Structure formats: structure tokens, C-alpha cells
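Below, subunit A partners subunit B and then partners subunit C, in two separate complexes.
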Partner chain A sequence: MEGLLQLLFNGLSVGAVYALFALGYTLVFSVLGVINFAHGAIFTLGAYFTYFLIGGTVGANGLMAGQQLPFSLPFWLALPLAGVGAAAVALGLERIAFRPLRERGSDPLLALITSLGAGVILVNLIQLLVGAESYSIPVGTLEALPVAISIAGAKVRTVQVLLLAIAGLLLVALSIWIDGSRSGKALQAVSEDPVTAQLLGINSGRMIQIAFGISGFLAGVAGGLVGLSVSIAGPYFGIGYGLKGLGVLVLGGLGSVPGAVLGGLIIGLAEACVPADLSGYKDAVAFGFLFLMLLIRPQGLLGRPLAEKV
Partner chain B sequence: METGLLVQMLLGALLGLSVYLPLRCGQLSLATPGFYAIGGTVAALLSTRVPALGSGDAFYPIASVLLEMALAALLTGVLALGLGRVVLRLRGIYLAIATIALVEILRVVTLNLEFTGGALGIFGIPQPFSGPEGYVGLTLILLAVVCWLCDRLEKTRPGRAMAAIRDDELAAASQGINTADTKLLAFVLSALVAGVTGVVAAHFLNSWNAKLGNFDASITTLAFVVFGGSRTWLGPVFGGLLLTALPELLRPVGDLRLIVFGAVILVGPLFFPQGLITPQLFQTLWRRMERSAVPRPQEGRP
Partner chain C sequence: MNRRFSASLVALLASGISLSGCTDTTAKGPVNLSKGVPVGAVLALTGNANVYGQDQKTGIELALKALNSAGGVNGQPIALSLEDSGSDEPSANAAFNLQINRGVLALIGPTLSQQAFSADPIAQRRGVPVVAPSNTAKGIPQIGHFISRVSAQSSVIAPLSIAQALKLNPGLRRAAVFYAQDDAYSTAETVIFQKALTDKGLKPVTVQRTQLNDQDFQNQITAALNQQPDLVVLSLQAVDGGNMIRQLRELGYKGPIVVGNGMNTPNIYPICQRYCDGILIAQAYSPELATPTNQRFLAAFAATQARNPTASRIPPQLTAQAYTAMQVIGEALQRLDRKHPLKTLPLAQARKALMDEILSGTYQTPLGEIRFTPEGEVIQKNFYVAKVRMNPDGKTGRFTLLP
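Up next is the complex of A and B:
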């Protein structure tokens, strides 16, 4: 029973990160119909931002070796600020890699390449500045909170509970915004049809920027949380998440917000259930799901059927 | 320029062509690195585990390399035939994601299986040549064959059918083109090219591991095509040669080289949405040449 609960918590907390990650993909996909391949790099940036905002020092490598910010913030303040920083970068990304293509009405396929180029730049810029070593956000950052708490007999790391709570909060806030506010409705209209939305008086360009901003914020926060719960394994650590995020995205349904959450939790739980002696195959779980889903139900669990436009 | 780099550039051009083939019918498949990895693994396994092929000789017999190529082509071809039937029902970004998933599943499996050498891979793949010059010859011949094939494809019925599908699948189908079979043909050809390229690459690199066919490779090879242009086969060849050489040519800028590489991939599609090499480019060049070759009629004659 305790083992099962432990498994559940492990799975859910990983799944929550996947969900946050995939939500960023899905927001951009719903308004632009393209996948932002730089999303993993934004996630990585969020993790590094968090690390430096809490007063972490740059290691021995990189141009900024040995430096640190003149101040250090508590984690609860550093995390949202890192999210804002990541959102700012995501907005810059939209400006450079997406908007010029959109304005010219180019093939959406090209955005795959430009966003990937931007991702390569970001990742290597991080490596140039702070080196390739791994950083970890000390758990002591959480000050008064205990390292682990026990729930119904199962020992659960506080970080995991925190992760689940923050992710849950963000997801709820996001769905309230999308379904309950004017600008959220506008976003839905743009994802339905940008041109018609524009004709109806919605500033489509602005809504696309908002989608990028939120997507960046979610990725940044997810990065900071993973940095706290696991560690920042180096500039490339977002790429693996970026790929698994694709699995989550397809499983839940491209462009579906509740789908991204459901997909994230399912894949997180499924990975937690992989037995230890087969743990090498863990990374294939998300892709196995993805592949099967595409063959059985390409629109995903909660996506709408793909309409054929003639 | 180093001869080794030249071989890598030529291999890059071959991989570019492999991505280009499905794109000719408008199908964005990123499965190339997967088939490339299968080809490489086949070559690595056969040449190191089957002594009868001649791994003990001073030079590994070229006939054995050709045999490996044939086997790799057979394996990737059959696999592509089966997988293609299934994945080609998907369109656009869905096909791209499905093929990324295939490549990743294959990578994880190769990484974990005992007989493929696990994470370390397979070492000491025997050499058929004494130096990189031999590989230049081999890859050049291979590239020439594939280019000739692609050129024929642009001028024959199946190739025209592919172009028709790229422009409008529905219209092509209504003209009596068997779209499913045509797309499958392009997918299988792409897999064959990637598989055979993998065989040469395994011998050239001397070792083989799961990392060589990963997501990074999917994207780099796609960049070859997008950057070079996907309207004629010269585009991916040019893109493959240039983008493979670029990180090496950028060695002088040291740590900045991958940043510059990223900037090139970012900026290329913004300024050349059709890629650098387009049929229009040839037409303009051709017209200019004609104009300068033929003397212009003099004006102002009575």
C-alpha cells in the first residue's frame, strides 16, 4: 500500500512537470499550428534563472565563472521571477523566429527550423556563459519545510508535494483564464481561425504574443521545479523533456489544454510503473504511447477529430 | 581541406537526399536517422562478428562492404515498407512527430540491447581502405548514383506523381494517381538511401553507437533540406555539404561556432524561404547565360 502510494506520488509529480511542459507546446500550437522546438531551451533557461536568483554561483567553466548575483532571493520569489524571465525570452523568440515567417505567410514547416535554430543558439549561449557542468538547487532553499513528509505511511519528498501543488495551481489558473475571461476567449477564437478572429476585432498578433508569454512562463517555472527536485544536468537537459513533451502533447491531443494535463499525468505514472530492471527503457514509454496514439486516434485522447479541409 | 571532412560532407549530402525524397511528395518524415542507424548497426555487427566476411584480412574486402550495403538496404527497405503503410496515413506535423517517435524508440532499444553494444556501441569496425581517400571515392559513387536516381525521378512518371501529390494530394488522387503507393515508394527510397549511407558511415567512423541516430540528427538532416531547398535534388546536396562543413569551418571562432551554426539555421529560412537552390535560380542563371552568349540584335538599324 505504501509502495503503491509512493509510486503514485512519484508518477504524479513527474507527470505534473510533463503537463506544464506540454501546456506550453499546446498553447503555441493552438494559435499557430506549429511546434516550438525552442521550448526545451526556454525550460532550461528557467532552471538556470532560478538557480542564479536564489544566489547560486557560476562554476569553474564558462565566461562568467565564479560570478553570482549581488543578491539572493528566497525560492518562492525566485521561481516566479525565473518564469517571467523565461516568458521574456519566449516573447523575443516569437519576434525573431516566428513573426517574420507569419507576416510573410511562409510554409509553417519553416518555423520548425527557425525555432530549432533559436534553441541551438540559446543552449550554446548558456554553455558559453556558465559552462556545461550540472548545477543543483539545494533543498535547504525551502528553509522551514522538512525534506520529506509522510502521507498515509508513505514517505514523500516535500519537493514532490510542492511540485504537484504549484503545477496544479498553475493549471487551474490557466483553465480559469482560458474559459472564463475575455482575453481567454479571444485566444480560443484565434486558435479557431486567426483571420476571422482579426476581422471580429481581436488583435491576433497580440494573442499570439500572450500565448508565447504564458508558454514561456510555464516552461520557466517547470524548469525551476525540476532543478529543485532533480538537478540541472547541463545546458542540454531540456531537450529530453522537449521530446517527451511531444509524446504528452500527442497523447492528450494537439491544441487541447485538458488533454496536455491528462497526457502528462498518464505518461508520468506509466514511467513510474516501469520496473527497475527495465529502467533503461523508461525513456521509450512516452514515445511508445505517442506512436500507438497516432495510429489509433491521431487527434489524441481529448483532441477534436482532424477535419479535412478541401 | 581535410579529406575526412570531405567524406562527412558527402555523407551529409546523402542524408539530405534521404530527407528530400519523402518531402518531394510533401511528406515531412524525420525517420532518416533511424534507418541510417539501422544501416550502421548492420555494418558494425556483420563486420565485427562474422569472421567469414574478412575482418581478419589486412584490408576488409570491398565486396563484403557491398554485401553489407545490400543486406542493410534489404532490411531498411522491408522495414520501411511495413512502417510506411502505417505511418503514411498521417499528415503534416503528425507524420513528423510519429517519425521522431520511431527514431527515439529505436535509439532507446539499441542503447539497451546487449548485442548492439549498449551505450558504448561497437568498436574496431574493420577498414576497407588505407585512408580517407578511399571513402571519398566510395561516397562519391554512391552520391552520384542517388543523384542520378533523383534526377530520373524528377523526369519520370512516379516522380511527377510525387510532385503532384506535394502540390495537392486530393487533386492528384482525382487524376488517378495512387497516392498511397507513391508516398510509400518515396518513403522506402528514403530509407534505402539512409540505410546504405549508414553502412559507409560505420566503416568510416570505425565505431558505431546509438547516439548517431538521435533527434539531433533528425533535425540537422532536415535543416540540410530546408536550407538548401527542397524543389530540386541539388538543394539537399548543397545544404548537406555546406551545413556539415560549417561547424568545422567555424573552428576559428571556437566556442561561438555552434551559436553561429544556430544563427544560420535561424536566419536561412527567414531570408530564403524556398531554400538557397531553387528551379527559378537556374532559370535566371540560364537566361543570363543565354543573353550573354547570343549577340543582341543591334538597335537603330535602318
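Up next is the complex of A and C:
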């Protein structure tokens, strides 16, 4: 029982990050029908923003070597601000890399490539400015809390519990907003059919911006939380999570918000279930599981099958 | 349209084939000494292994400065070209090819054993001497005649830290072993560690495999701690290893931790922070060595750190080894130039003669006196074990040598 609980905690805490990450992909996919490959770079930026907002110094490399902000904020304030910063960058990306193509009616594949390019530029910009070295949010950042807690015999790092709780809160807030507010319903309408939504008086462009903003915010917060849990391993920090997020997106069903959450938790739990002796193969097991699921249900767990137009 | 597309494709393929098959035409010509005696370094300055590359860059630059201020190669300065190899094999291969095509006489690098197994055969095929400053996996010099290393292999130094852990805690019996299964250094070193554990009567109660890019080890750690180990042995690189140590301590492991050469850098301090304190690690370098070369090296290193008040004045092993690699090439070049002036030799012949000089020399380096086996393996006399001691700020620390 204790082992099962441990496994559940391990899986859920990792799965929550995947879910948070995949939600960003999902929001943009639902309104534009393309995957934003720059999402991993926005996640990375969120981690760096958090580090600098709590008073971190730039290392020995990069153009900004040795510099730091003239103030330092507590983590609780820095994290949402990092999310806001990441959202601002995501909005900028929408303006530069997505909107011009959309306005010209270009193939969605082109937007996918521009997003990939934008992601590469962002990552290289981070490297140019702050170097490629690892950064860590100080371990004493959550000084008031114990480093780990025991729940019914299962031991969990406090930061993992926080990660799970914050991810859960954000997911609930997002679901309430989408289903219970006018703007949330407008977003759903745009994701259903942007042209019809426009005819019904919904500003599709505005809703796409909102989707990018929220997506960026979620990525930024996820980056900050993961940065608190492990070190920020350089500008390419987000790539691994980006790949896993893509898997989650497909598993849950393209464009499905509850699907992204379910997919994230399932992949996290699948990884946790990998026997200890095979732990180095957890990625292969997770993606193998994804492959099998898609053979059975190609539209993903909660996705709708694409209607074939004759 | 299709025809034009096909023509473009053919042109693209042809250019690709000609590029991939391009030969080093410069090797038949003379050594290009117009900007100095060309030597190349290929270091991991980006990616997960950048923490090592930064240390190595410092060492190479210090040795270069020392060599050139003492007259370089009999009056000609050594011109170093540095290329980033990232932390992966394709980038290391590309950097090796680039440097060789530039006409360098010898190469220092690459940083990781994993990269060396991929890039060194390129240098071997093209007859370019390589002095590896940090590859410790089994089989590196055996890649070929042109490949040598100044970094002692894991089988020589790794068992020392296990012996030291037992000396400090004679009651140790149960060891949990972790290694990155997708990394040549880690997989080679863990075999040595596991053999050393068994030889000393310790039982590896669990062997946990990770991947180089993993950062969250909660699954592996909780599984390992269920086996109640009283010793943890890690063969991981600096970033994943640093995260592993932090998470081990946060999840309640209080026993000793022995780590391998991958964590032999002060750049782990910002990652595991106060939890780095107490880890045991074997060393191929002692700052306490009282030779004139080491004293000069120490003074030069301290001068580079003067601008940063929190930086350690004690050079890490990787910096000392990189300094040594540059020194070995510099001194071998001086000897070769005295016998056969470099300007009279074709590049290919100069490279071959330089390799022979490298292997035949004896060097007074910061690591002590070293020389090479005919195969290119370093012969070094003294090794040490250090314990990491973190300062109260939790951000800085030092490797303290144990008696």
C-alpha cells in the first residue's frame, strides 16, 4: 500500500508538469490548428525569469555576465510575474511569427515552421545573454517548509507537492474559465470554427491572443516550478519537456483541455510504474504506451474523430 | 516544376556528397604558420557538459599564455583555435572536422568520453594527434595511434574513493549504485565502481539506471532507499549528478555519497548547493603538490579569479588536466621544431612526427611528472581522494584532500 502511494505521488507530481506543459500546446492548437514549437523556449524563459526575479545573478558567461536585477522578490511573487513575462513573450511571438501568416491565409504547416524558428532564436538569445551554464533556484527558497513530507509512509519532496498543488489549481481555474465565462465560451467557439465565430461577433484575433497569453503564462509558471524542483540546465532546458508535452497532447486528444490533463497524468504514472531496474527506459515505456493507445484510439483519449469531408 | 524540383534535389545531394566526402587537401601542403603554430581545442561550452568545458577553457588558456610568454615554439607563438562541441556527438564530429580542415597540428578534446568515441576516429583517420584532457572511459587511447589522454582512466582512480569511504565508515555494507545508461563515461565507470564494491565486500543492493538528460529522480531514489543502503555511489555527469544528490538528501538519505569523475568540478556547487557537502571523489590533481610547475599554475589560476571575490582560488582537476594537455602539445612542438623546423615539414608529416614526440616525452605538469605508454595512455604517479566542503553560504565550497 505504501509502495503504491509512493508510486502514485511520484507519477502525479511529474504528470502535473506534463499536463501544465501540454495545456499550453492545447490552447494554441485549439484556436489555430497548429502546434507552437516555441512553447518549450517559453517554458525555459519562465524558469530564467523566476531565477532572476528572486535575485539570481547571471553567471560568468554571456553578454550580461555578473548582472542581476536591482531588487529581489519572494518566490511566491516571482513565480506569477515570471508567468506574466512569459505570457508577454508568447504574445510577441503570436504577433511576429503567427499573425502575419494567418492574415495571408498561409498553410498551417508554415506557422509550425515559423514557431520552430522562433523557438530556436529564443533559445539562442538566452544563451547569448546569460550563457549556457546551469542555474539553480537556492534550496532555501522554501525555508519555512520542510524539504520533504511523509504521507502514509510515502516520502515526497515538498516542492513536488507544491508543484502538484499549483498545477492542479491552475488547471481547475482554467477549466472554470473556459466553461463558465463568456470569454471562455468565445474561445471554444473560435476553436470550433473561427469564421463562424467571427460572423457571430466574436473577435477571433483577440481570442487567439488570449490563448497565446494564457499558454505563455502556464508555460512560464511550469518553468519556474520545475526550476525550483531541479536545476535550470541551460537554455535547452525545455526541449525534453517539450517532447513529452507533445506526447501528452496527442495522447489526450489534439485540442482537448481535459485530455491534456488526463494525458499528462497518465504519462507521469506510466513512467512511475516502470520497474526500478528499467528506470533508464522510462521514456521508451511512456512513448511505447502512447503508441499502443493511439493504435487503439487514434484521436487520443478525449479527442473527437475527424469527420471526413466528402 | 517537378523537373526543376528534381534538378534542385540532385544539386543539393551532389553538394552534400561532395561536402561529406571532402578531403583535407591542405595536409599535403606545408604547415600554415602565418598566424602562429596552429593548435585546436574542441570543448563542450554549451549543453549539459558545459560545466566541464568552462573549466577546461580556463586551463588551456593559462597554459597557452605560459607557453607563449616563454617564447612559444622556439620563437613562434602558438595560435589556438577553440571550437564548441556542444555536449553531443554530432557537434563534436563537426568541430573536429572543422578544426582539421583549418590545418591544426594537434587537437585537445573532446570533453566527454561519449563524444570521443565518435569524434576521435575522425582524427585517427586523418592522422591528427589528439590529447584528451578529460576522457576517462576504457578504450579511448585504443581508438588508434593518434589518440592519447592525460586523464587517468576510471579503473585507476575510481576504486580509491570506495576505499576511502570504507576507511571513514568501516561498517558500510549495502550500496545503492546509480549511473546514466546512455553515457559512455558513466557506463564504463559504474562497472569499475561495482567491481570495487564487491572486491571490498560491499553488496550493491540496487543498481538504478538513469538517462543523461534526466533531472527528476524521485522514482529511482525512492526505489533505492527502500533497499536501505548505507552508501550511495554515483556515476553521473555534473548536472544530473548534482540534482541527484540534492534529491537524495531531500528525500532523507543521510549516509555517505561517493561520486565519480563526472562530478569533479566546482560547477556542481550551484546545483546541489549545501547538499554537496561531504561527498567523496577521487582526484588526479592535488593543489598541494609543491612542484614549480604547479606553483606557477596555482598563481596564474588565482590571478584569473581575482575579479570574482566569491570564486575559489583553487583550480579544479579539469582545469589542471586541460592545462597539462596544452603543455604536453606545446613542449612536444618545441622538441619537434628543434629536430625538424615546422616550416620545412608538410602538414601530414608534421602531425605524424608530433604524435611521436608527444608519446616519447616526459612532462613536469601540474599533475606531477607524467609520460605516456606507447598506446597513448597516461602514466601518472599520484592520485588522491577529496571530500567536498561547502561554505556556510551554501553556494561556494572546496575539494579538501583527505589523508
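Note that the second predicted complex is superposed on the first by the 305 of 310 C-alpha atoms of A that agree within 3 Å, B and C clash if a C-alpha of one lies under 4 Å from a C-alpha of the other, contacts with A are read in each partner's own complex, and residues count from 1 in each chain.
One rule holds in what follows: a residue touches a chain if its C-beta (ideal position, glycine included) is under 8 Å from a C-beta of that chain, and two chains touch if they have at least 3 such contacts.
The model shown is predicted, which means the values in this text are computed figures rather than measured ones.
Student: Where does A:283 make contact in the superposed view: on subunit B (first), on subunit C (second), on both, or on neither?
Tutor: Once the two structures are laid over each other on A, A:283 reaches both partners.
Student: Would you sort A:34 into first (subunit B), second (subunit C), both or neither based on which partner it touches?
Tutor: Touch partner of A:34: subunit B, not subunit C.
Student: Which holds for A:157: it touches subunit B only (first), subunit C only (second), both, or neither?
Tutor: So A:157 only meets subunit C here.
Student: Applying the document's definition of touch, where does A:76 land relative to subunit B and subunit C: first, second, both, or neither?
Tutor: A:76: touches no partner chain.
Student: Contacts for A:116 in the overlay, against subunit B (first) and subunit C (second): which applies, first, second, both or neither?
Tutor: In the superposition, A:116 contacts subunit B only.
Student: Enumerate the residues of subunit A that count as touching subunit B in its complex and touching subunit C in the other.
Tutor: 127, 280-281, 283
Student: Give every residue of subunit A touching subunit B within the complex, in rising order.
Tutor: So the residues of subunit A in touch with subunit B come to 33-35, 37, 96-97, 100-101, 104, 106-107, 109-110, 112-114, 116-121, 124-125, 127-128, 239, 243, 246-247, 249-250, 254, 280-281, 283-284, 287-288, 290-291, 294-295, 298, 306, 310.
Student: List the residues on subunit A that touch subunit C in their complex, please.
Tutor: 3, 6, 10, 13-14, 60-61, 66, 127, 132-136, 138-140, 147-148, 154-157, 159-160, 229-231, 233-236, 240, 271-272, 274, 276-283
Student: Would you mind writing out the residues of subunit C in touch with subunit A in their complex?
Tutor: That would be residues 45-48, 50-51, 54, 180-182, 206-211, 213, 215-216, 218-220, 222-226, 238-239, 242-243, 246-247, 249-252, 267, 270-271, 273-275, 308, 394-395 of subunit C.
Student: Would you tell me which residues of subunit B are touching subunit A in their complex?
Tutor: Where subunit B meets subunit A, its residues are 28, 86-87, 90, 93-94, 96-98, 100-102, 104-105, 108-109, 111-112, 170, 215, 219, 222-223, 226-227, 255-256, 258-259, 261-270, 273.
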